[in-house]
Amino acid sequence: MGVLDLLSRWPVLQQIRKGDLHAFGDTARSARSEMLQPRTATAGRVVRSVCPYCAVGCGQLVFVKDEKITDIEGDPDSPLSLGCLCPKGAATFQLVTGSHRVKTVLHRKPYGTEWEAVPLEWAMDRVARLVKKTRDETWEAKTPDGHVVNRTLGIAHLGGATLDNEENYLFKKLFSALGIIQVENQARI
Amino acid sequence: MAVGFFTDTTICIGCKACEVACKQWNQLPDDGLLFTGMSYDNTASLGASTWRHVSFIERPVPLTGQETGLGDFSWLLMSDVCKHCQRAGCLEACPTGAILRTEFDSVYVQPDICNGCGYCVVSCPFGVIDRREDDGRAWKCTLCYDRLKGGLEPACAKACPTDSIQFGDLDELQDRARDRLERLHRHGMAEAYLYGADAAGQPGTEGLNAFFLLVDRPEVYNLPSDPVAPAKKAAPAWTSMAFAVLGMAAAAVGAVLSARGGGD
Amino acid sequence: MEEDGRHIAPDLGLLTGEGSQQRIGTAGEAFPSRTFIWRDLPSHSFEEEQPTYYGRPVLKEPVWIWSVPVYFYVGGTAGASAVLAAAAHALGEGELDGLVKSCRRVAAVGGVVGSALLVYDLGRPERFLHMLRVIRPTSAMSLGSWVLAVAASATLGSALLAGRKGFLGRLGDLSGYVAALFGMPLSGYTAVLLGNTAVPVWNATRRSLPHLFIGTSVSGLASLFGLLPVGLEPQERTIVERFGVVGKVVDLAAMAVVEREAGHAEPALKEGVSGALWTAARILTGASLALSLLPGGKRARRVAGGLLGTAGALALRFAVFQAGKASARDPRATFRRQRDSHGEAPESSLDR
Amino acid sequence: MNADCIVIQGSNMAECHPVAFRWVMEAKARGAKIIHVDPRFTRTSAVADLHVPIRAGSDVVFLGALIRHVIENERYFKEYVLRYTNAPAILKEDFKDTEDLDGLFSGWDGEKGQYDPASWGYEGVEVGAAAGQRESYTGEPFSQRGTQHGAERFDFTLRNPRCVFQVLKRHFSRYTPEIVEEVCGIPPGLFFKVAEALCDSSGRERTAAFCYAVGWTQHSTGVQYIRTASILQLLLGNIGRPGGGILALRGHSSIQGSTDIPTLYDILPGYLAMPKDKTDTSFEEYVKLNDSPTGWWSEFPKYIVSLLKAWFGAAATKENGWLFDALPRLSGDHSHMTTVSAMADGLVKGYFLMGENPTVGSMHGAFHRAAMRKLDWLVVRDFAVTESADFWRDAPEIERGEVRTESIPTEVFFFPCAAHTEKDGSFTNTQRLLQWHHKAVEPPGDCRSELHFAWHLGRRLRDLYKDSTDPKDRGLLALTWDYPVEDAIEEPSAEAVLKEISGFRVADGAPVDGFTQLKDDGSTACGCWIYSGSYKDGVNQPARRKSAREQSWVAPEWGWAWPVNRRILYNRASADPEGRPWSERKRYVWWDEEKKKWTGEDEPDFILERPPSYRPPEDAQGIDTLAGDTPFVMQGDGLGWLFAPTGLMDGPLPTHYEPQEGVIENPLYGQQCNPTRMEWNRRENPYHRPWNDPRFPHVITTYRLTEHHTAGAMSRWLSWLSELQPAMFCEVSPELAREKGLTNGGWATITTARGEIEARVLMTERLPPLRMRGRVIHQIGLPYHWGSKGLVRGDAANELIAFVADPNVSIQESKALTGNIVAGRRSRGRRVVTSGPLVPSLGGNRDGKDLNRDLPVVGQKRTGPHGISGARMKQDEET
């Protein structure tokens, strides 16, 4: 009986029934409020992570639901941060899920005026060929005064302070093997 | 059981982690990218989309216990929030029952009920709750009602790096606050005091569930010195209305009778 | 990219938090009061004597729009009308049916239009029924909503059934009296509603405001009759006019009291838009009173008096409304009132 | 935090590291005194007990005066100084101090423009010239590296005029409180307060700590800033003890890791030197120069061999010198600024930018863009298109029409990167703690990790070269590159890489427990010896997450700290020479007489079974030379160096030099600036006068805000952060504002010879004008987070900064320079880089005769390639 049902849920009637003069509490509560719970409770999984901003290395908990991130907050178990985060760390959710993130590779032709979206594979191949070309053209086996240097000064790298150790390791390993020595990062700056 | 915040402004470093942690958890929008020129405060005030707000007060007055080569100068930092008053103006004003007092003794606005009548906005003696025109509903700090239901502490208190914002059982917080105050007084900081810690300290609201430790007058932090939940003073208004309407009735009767009389 | 102030890519993050449903347009329209830049040295906002926080408001301005003060007028008039109708019906011995009928009509129209105006002001009009979800004795608006609901339906009934014979007629008369009973608070509760807020000028004047509003309701009704093309018997006219004179006198007297009570919030009644409106109201009401006191019953005089009176009543409602906004913007109005122990705290605890 | 006093100098800790600052506040709650020495009154000062405003660039004077105070008043920790530092060591007779040479040390070579440190050594100990020269190429100031032995003669009475202690005393004798007032603008009263607080909080029972950040490093003499603090802390006995030390607060999640496993030109993983062309002609030569007969570096061969095995696998054999010849060689400075100059001169054709935004984050953005316009190709990897990626169409000079997009030949690639939540990997935090972050979700679209990029690029290149027999490609083809890949996107396994970094036995691939198990016979492979053990027992140690509540305050089971999970370095010093804790209150590690081994709260930083009583026999080699009471095991002599006999480019003792662009003449010495500083004398990089430049009368200092992150690529796009600091602004005092007609919230334009930027004005007393020598010197504060992109936009402060660097680590000077400020918005003024000098030059870079940065003897430095002059300039190529 829809109408009766509706009436029975009418807070005023409950007020009268319970003799609740002010209706400050339960009688005023809606079904939604009744069911309310933290979204972390419904997350599929929690992944342990580290804040990507500064070098304090505060612990973070990443809550994932349906392969999407629903919340990122401090990890109370971390002896460094005990669950605290600074404003940047607290904004990590926006950093990793923000609509500012570009999701396709962009390419600007020489003398071009616009970016063009290009396939990842093509771009990787292109970069590899450019590296080879530049390396071969600028290879320096010996210095003018005859010292062995086997290197190229034609290619340089900047960056690493925000990368993982494993990533820096592969770069240093690869670039050293390629004879690229101008490898630098923010630590110098 | 009653829970709340104790915000100790003497250890606040004004990092605004609370503001962002709150926005992140509640997924609130920014409320304007405006440079205000008010020290480092570009949020200006609490509002419908800003439930934690950090104030920055540059004072030409020294802070007890601190010495600086600048001479008479100090920088007061304070994270403000909804006070979740014992006598809450907004709660008592809300005609729809959208605002209620939760099982945690906090004051919560139900977004599915609020119809945006705007009466709570004028009834809050702290100017906390606000209606966002483009949304049409009234919003304010929920004390992370959803988190509390899940046994979690509110986002701002959790994030606060220096524990300037402390969350917990109200009685326990009050004890902690008194100890802290006592300690500060012992160290010569006579100006320190608790704001709204209990009914005695703030009869107008009968105490705040979110109270503060301050070192200058409330107005300096944009807080009222003696806020009162409007409904506490409703009686005289109703009484004088009663007299007035009776007067009106009398006038009506009088007008009719006199005219009839005159008609004879 | 849809600018929602959160900028979350739907394929990467979920928006399910408490505030995630908050709709936003541009920040500008959301916070008109925020578009300002502090031009002075930050530490200069610090005044030893009367500190404020960069002069920013401590309170939030009322978010209500024009329809609210208009409702004050309409609702008040309707209430007064219902009362007069009942009085005339009770004491008229059937000779004042014309007056009764038109009063009931005015009340009925007022009830309907008033409700409409309130719904229009809501942030979420579709939820207007929530007003009757609970009864909160602490909330003047809650009580007012119930009063309006009953009064509006009663006036409607009384108007529709006016002049019927038999049972329906008696039913109409009954609802007429019900309407009068609820019409009385209807014409005055809005003053209490304003008085029971944190807005300095309203709160300070919460004792005198009801008298002001009732007076305006009465004078507003009388002035309205001056304009309405309704054929009233001379006797009926006299009733209305005498009723009106009382209203206008109360009005002017109450204004003086209100000014005195306002205290630190008085500037709101003297300066700016609200100040101008306040003065205008006083002049208009005074003028219309003068007119209605002149002897003779020329129609032109009645119309003129009606115009002045109506304008005065409306001006007064808007004056009070605007004064509220102005005093909410001024932090000192709040701070100084409380320092002068208009709050609850004992003197001693105010020394900090 | 167990410190009793914390001095924060050169850092705005509360703003830049709020969560780390939590522990400072905790210490404060326990009664510790917090002192903040900073030109500005910041959010750190707001909660400090004592704030000392100091002129940017004068810290060495302040710290030097503290050292003098400690020595003159005999407040140093005598037993600690005598036994644990080289204070008693006797120096060579021919050593000359700055006292004697008006700001120079002995060994200055005007030709090379650098020092020959031979005369800085201990008496009777020869420092090979090769070492000296090699040091001149070594990037990081690794004094303990090389053939440096301990001193042979000591004077434990510390009376010998040639012992380190007396030299130190004499060197700092002129750093008086009066000089502090004159140079730093600090009244003696304040100075003594700091000095006493420090001394009172040091000794057996108490410890004091220093915290610094780029406020110390970003100076033309930055390394010496830290050296000064180290000397002070050694004298006070605050190194290697709980609540003591010198904490570097670093700005990026893995900036420590990117130094340990360097994306830096001059070192290999684990701070092993990159080979140099002239000296490291063969593996044997290289080892000979880097090996050390004494101290921990005697283990060097094991580390380099294991590294080469890790890289070249089976191809690396003893016969072919472990393929050492496949490594490229350095021939001078190849640091960032040098590289950019080379780029501007057209030598660099291709450039990789991995999550870095130099046109905003590095000094002199306009010069960076000018250089990048010379590139054939540029690869940028980031979250969104940064200013650096868009340099070809979104730049001031293009906006002004000085450069046309259509005329820029560079081919540009933008690769979207994966977030830390979309990949596995480890960060190393500022306390050397490795922490693993796990992949939470798949990266969207074509976003990929740098691991993915590096590995697949390598895979492709090895494929392109696979048939090559050219010796130059030998290393690439020999490279061990067979990491397992996961998922559809073929993501290489980060854990597999970690295993290689940590090290394993070549025979069976079993992980090693730590670097003590590494061998120099090729039987072990290890990608970074200091990280050895991070994959101990096949367990991903950095991923350990035992709750803080379930373990001791040292929390050894959370993540993994290098070396061997040690949390405090040199912690042997927390016990007295006999191995007992200095005091109960400060017990940390100690010698356990029953068990006959070192034990304690932390992993002892010492040979576990070596008793305090051990003394090395005459014929001792390697680590056996370390006595039982020499805690500084990495040093050749196991002692803390008050005096650095080798390893530093600009002298064995810290000396105050004014910044490249200063406001006063150096009151201490005739030598105005660091004689060995690196300059780039080029048209695009004009310098102001060394001091009193009428065009640029004010001091400019740059800094960060809590609400943004460095160059802003991770914060300017986020509304929750942007709304908190929505506009580029400059902080000025009311006095300066009045003088220049600036209004709060209005616009101002700040200029240097390099460029001009506009900013909102924020008037405040927090940045007071300095009163020095009767003059009022105004300071201008500039946060540097903004650029032309993102939700909130503004000019980049770094446009103003010149190329000039510290000689030891080539770090730029951005914390103290000069400039001018005027009311109003940026003009259409043309820039020096694109269109010749912005302002009339005053007698070129080397300035007029009256104002010299250098003494005549120094002044004749030659200019090398790319206009570089300075200590690490390549000597063999003239231009």
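For clarity, chains are labelled A, B, C and D in written order, and residue numbers in each chain start from 1.
The rule is simple: a residue touches a chain if its C-beta (ideal position, glycine included) is under 8 Å from a C-beta of that chain, and two chains touch if they have at least 3 such contacts.
No experiment lies behind these values; they were computed from the predicted model shown.
Participant: C-D or A-D: which has the larger count of contacting C-beta pairs?
Facilitator: Between C-D and A-D, the larger count of C-beta pairs in contact belongs to A-D.
Participant: Closest chain to the protein CA centroid?
Facilitator: A
Participant: From the C-alpha centre of subunit C to that of subunit D, how far is it in Å?
Facilitator: 69
Participant: How many Å are there between the centre of subunit A and the centre of subunit D, using C-alpha atoms for each centre?
Facilitator: 27
Participant: Suppose each chain is reduced to the average of its Cα coordinates; what separation in Å results between subunit A and subunit B?
Facilitator: Computed value for the inter-centroid distance: 35 Å.
Participant: Report, in whole Å, the distance between the mean C-alpha point of subunit A and the mean C-alpha point of subunit C.
Facilitator: 53
Participant: Would you pick out the residues of subunit D that each touch at least 2 other chains?
Facilitator: 18-19, 22, 441, 444, 706-707, 717-721, 724, 744-745, 762, 764-765, 791
Participant: Two or more other chains touching the same residue: where does that happen in subunit C?
Facilitator: In subunit C, 5-9, 11-12, 16-17, 37-39, 42-43, 133-134, 136, 138 touch at least two other chains.
Participant: Please list all residues of subunit A that touch 2 or more other chains.
Facilitator: 11, 23, 27-28, 39, 68-69, 72, 76, 84-91, 93-94, 96, 98, 100-101
Participant: In their complex, what parts of subunit D are in touch with subunit B?
Facilitator: Residues in contact with subunit B: 14-15, 18-19, 21-22, 25, 29, 41, 43-53, 186-187, 190, 193, 705-707, 719-727, 729, 744-745, 760-762, 764-766, 768, 791-792.
Participant: Under the definition above, what is the set of subunit A residues touching subunit C in their complex?
Facilitator: Counting only subunit A, the residues touching subunit C are 10-12, 15, 21-23, 27-28, 39, 65-66, 68-70, 93-94, 96-101.
Participant: Contact residues on subunit A for subunit B in the complex?
Facilitator: For this pair, the touching residues of subunit A are 11, 23-25, 27-30, 32-33, 36-41, 71-74, 76, 83-91, 93-94.
Participant: Give the list of subunit B residues in touch with subunit C in this complex.
Facilitator: Residues 23, 25-39, 44-45, 47-49, 55-61, 73, 89, 92-98, 111, 113-119, 121-139, 142, 145-146, 191, 193, 201-204, 216-228, 230-234, 236-238, 240-241, 243-249, 251-260, 262-263 of subunit B touch subunit C in their complex.
Participant: Along subunit A, where are the residues that touch subunit D in the complex?
Facilitator: Subunit A reaches subunit D through residues 45, 47-60, 62, 64, 67-69, 72, 75-82, 84-91, 94-96, 98, 100-111, 113, 115, 119-120, 123-132, 134, 137-139, 141, 143-145, 147-174, 176-189.
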